[in-house]
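Chain naming follows the written order as A, B and C, and within any one chain the residues start at number 1.
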């Protein structure tokens, strides 16, 4: 199946599930994604302290709705799981319109949209409705509120998958799973992450170890970091958080907090030379899980890849963020970009000159075209000679590519030949330079 | 009295006085300014060597004029003190037009302007006239020259005022007092300096010590530096010379010689983020007292603040540089700018993270709005989270503000909360980082 | 004789000679150039290993032509020495059109141009014709091929001339001599190099030692470097390769591989401040002898100066690259530029303040205009005061000039006065700063 179709197929399977930061919807979603990427799942018990936080109780929901004074069922969870404020406590009682009103949430400036709201850390309840639905409700009388949820000790689930390379150094990819039925700001990230896994798995003789993390946003990644953060701190070469990467807007790269890390450098290189219809913006708080990866004490070289940023596309955090927002070709492009970035990292090892004093005579190595004077030079020949001489001062293929204003992957053939002919040497096998 | 009115009130009092680099006009002007700022005055005797220079004789003037062959009094000092070349020796004699002519100075290309000239270091005399006046003088016959001045051993006066903070580190402000009746290039600087004093005095718990210097240009500041220069050399954090800051042109900041000092950095920050209708230009010789503060051996981090630079506004160094050139609101804006810069310095102490590993949970500290998911973040909350995470790599509020592209003073509330909650720590009380 | 006429005079003498990377045409050309610059000549025997290369056999040519089946002499070497592929082996035989065809070279897209081709490192032969000539040849029958060349053990010739200064530090100029009758891409470089010698010789009290190298491109410079490269490696302060510098296009400076060497810095300074109708471009492989000078192990600070770059001007490497391509005034401008750059290096010694604490009083040194207050400052006075103060942080005249945005040579008078008056000091004679 071609990538964009595969993305759509799994989107359709994941869409209806009501997820949260804990609970069975989350587990069910992981179980579908495990068809694509062999996540190992971790269950962290409610009440476990994780740095400054504590794992909340587990929340599950069977049903929820309101019954109007006229007996009409509205705000039905079974029709749209956004109707119930996420983490609402169980309720089964009759209350006045006046009291109910304080539990209803709408977006008057987007009258067709059901807002998405949560109450993870305060035990209360609420319903979300489109402003148009809200206006049609009788403004007096007694309503029945029915919320069949459980909020009990249980556990928070997150997934991790490590694809070993020959090195301990790691490239990290992370996305989040915790929103109910939303498309761009929920499913685009996990889907791209899962398909990226297959692309990386295809790379032969991988040098880097690749770590894929999928967890509920914020608390899930904090739980992950509490368990693995210090262990991986010294290993992480680069990492990227995937969020909102399925709409048809331009690719947006948000810098890591460090802003000049190799994660930033390699990504910017690809955006400059190969995926040029793109934007960048600075690291910021109020974003996704890069907030945790880049938090003081960790400060990982982790940037964020998206298309139109969260909060900027108008459907964000509402029922309008549905399949119509997505373009699966655009989502596939994110997978290809990240896979290219990894291929860039894979060949970007330190190199030094293998040949000193004057240009090497390429003719006697059968690397030079016959007739002199023609003034024509194939690009591979040009890349070969450039690598040989420039690696004296630019010690990585990436730096050479940046000097040449080409993409690092264009150097691949010439790099292979130069290493084979010992015209350049890997740094480790060279004399001290 | 509001600031611009106060500036105008004192302008009117200082305007008529004939000042020079020494003498009673200078002392009288200081005495008026002492109503606003408690200057301590220093008298440096004539003949005192000050570095490469020597304090000149003291000059005082009672009257001066010419009488034409027809008996008409012209070039009367009592009508405009620019008519007499500053530092002219006493003269009382009749001379021919031919001889007189060599002592007359005009500006043919500004025919209504009396030029401003001095002869501090060569004992001679001269009269300055508008070209229009000059043309009406009889071009032959005998003139009477009357100059009732004294040039005798005495002293040079300068003023200094030190406002103590808790630290030995200093912020320096300096302007000059030595020109006769001119407005922008004489009174704008001392007036702004005097009013700035009141603004700084209002700042509570001042960390920095503030030093205000007012002295005759060049020789006066050299005298000041000869007495205090080496003592303050290690204490000066930043400083600014005030000159020509009362016209309605754009604010102009001239870099210190160092060009990348904290004086430059903080001023540029305010010009970038709060006073944006402004220009910058590089340090140069041929300017004001920054030439001395930045001279080899001192090389103080001292920049220059002005509006339209000296030599560029057409009234410069002529009788046209009068009250009509000034806009007292513009002059007040300079006071506010410098006062803001000081407030910036006052909060710009080194900070380090107080909270490691993951975002702090703000909810349990009552710092987070109730409903999740809303995608709305107050600017103080955003500043708080930004300070907490960014101070790991940007160790001052100024650097954080520059990363956030906001003004440092916007961070004040968040900085206060973060320090109170120990989410960030002052560098000095932190463990070695 | 004025420079452009002298350039043209020697151009005309050198033009007809058939040069190659070895042989008597090369020696004859050197002998003419020795009228302008006292080259010492070196002969490197065929077969000598030079780094990765080996000196080829020596090639000489008496005559060459083809006779068509109809008995017509064509492709006559005696009419244009480009007709014979350079380094063709001797041939004297009759062959069929079919066989001959594989030895004929044309440029169909430039039908009037005879291409320039060589076969230095593969023993074969060939003729080059304009496409228009080629089309008129009978396409069948038997041709006579006559090539009266020798390819025998002999030697490769190159020239070097060292003009001693008081220092061991060197400025290097290099060009190449190896092409038959072509103008811009052959004679422009050697001619400029030769005339530059006279300009440098005129400089009094030269500090730097100047080394002029003229050698066959690539192999000749490799031979030079094999003999002198390691000896001069530590001495070379800056160097420039001259190529294609006689057309009327803009001056082009190609950076050294280091890109931020003093060679680059000084040249860019002159292009920015004095020769502003110019371009720059980055170092690249596939260029001229900078490939050898900048090769790993040497990495000399050597840039390349040209006008329209090789391969870009349409006459390159064809018979169209003749006298009509040249503008001898433009060629002369290259000589002046390089000579200016040398004058810049000659005065660019480290300096430190000779006067501390406050501006020096220039009046008592008779360096200040009489009347104060005029606001006018001669440029030399401005340069003097600027050098005195700025050399505290910018330790060379070049850095001072860059801060002042003027040309370094404009500082010459002020520099002389400041040193004479000990207002600045040469670094070496100063106390430790």
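In this section, a residue touches a chain if its C-beta (ideal position, glycine included) is under 8 Å from a C-beta of that chain, and two chains touch if they have at least 3 such contacts.
It should be emphasised that the depicted structure is a prediction, and the values quoted were computed from it without experimental measurement.
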Angle (degrees, nearest 5) of the CA superposition of subunit A onto subunit C: 120
Interface composition of copies subunit B and subunit C: same or different, split at half: different
Separation of mean Cα positions, subunit C and subunit B [Å, integer]: 54
Interface hub residues of subunit C, defined as touching at least two other chains: none
Contact footprint of subunit C on subunit A as seen in their complex: 353, 355-361, 363, 370-375, 377, 382, 385-386, 388-393, 403
Subunit A-touching residues of subunit C, taken from the complex the two chains share: 50-53, 86, 115-122, 218, 222, 225-226, 229, 257-258, 282, 284-286, 291-292, 294-299, 310-311, 316-317
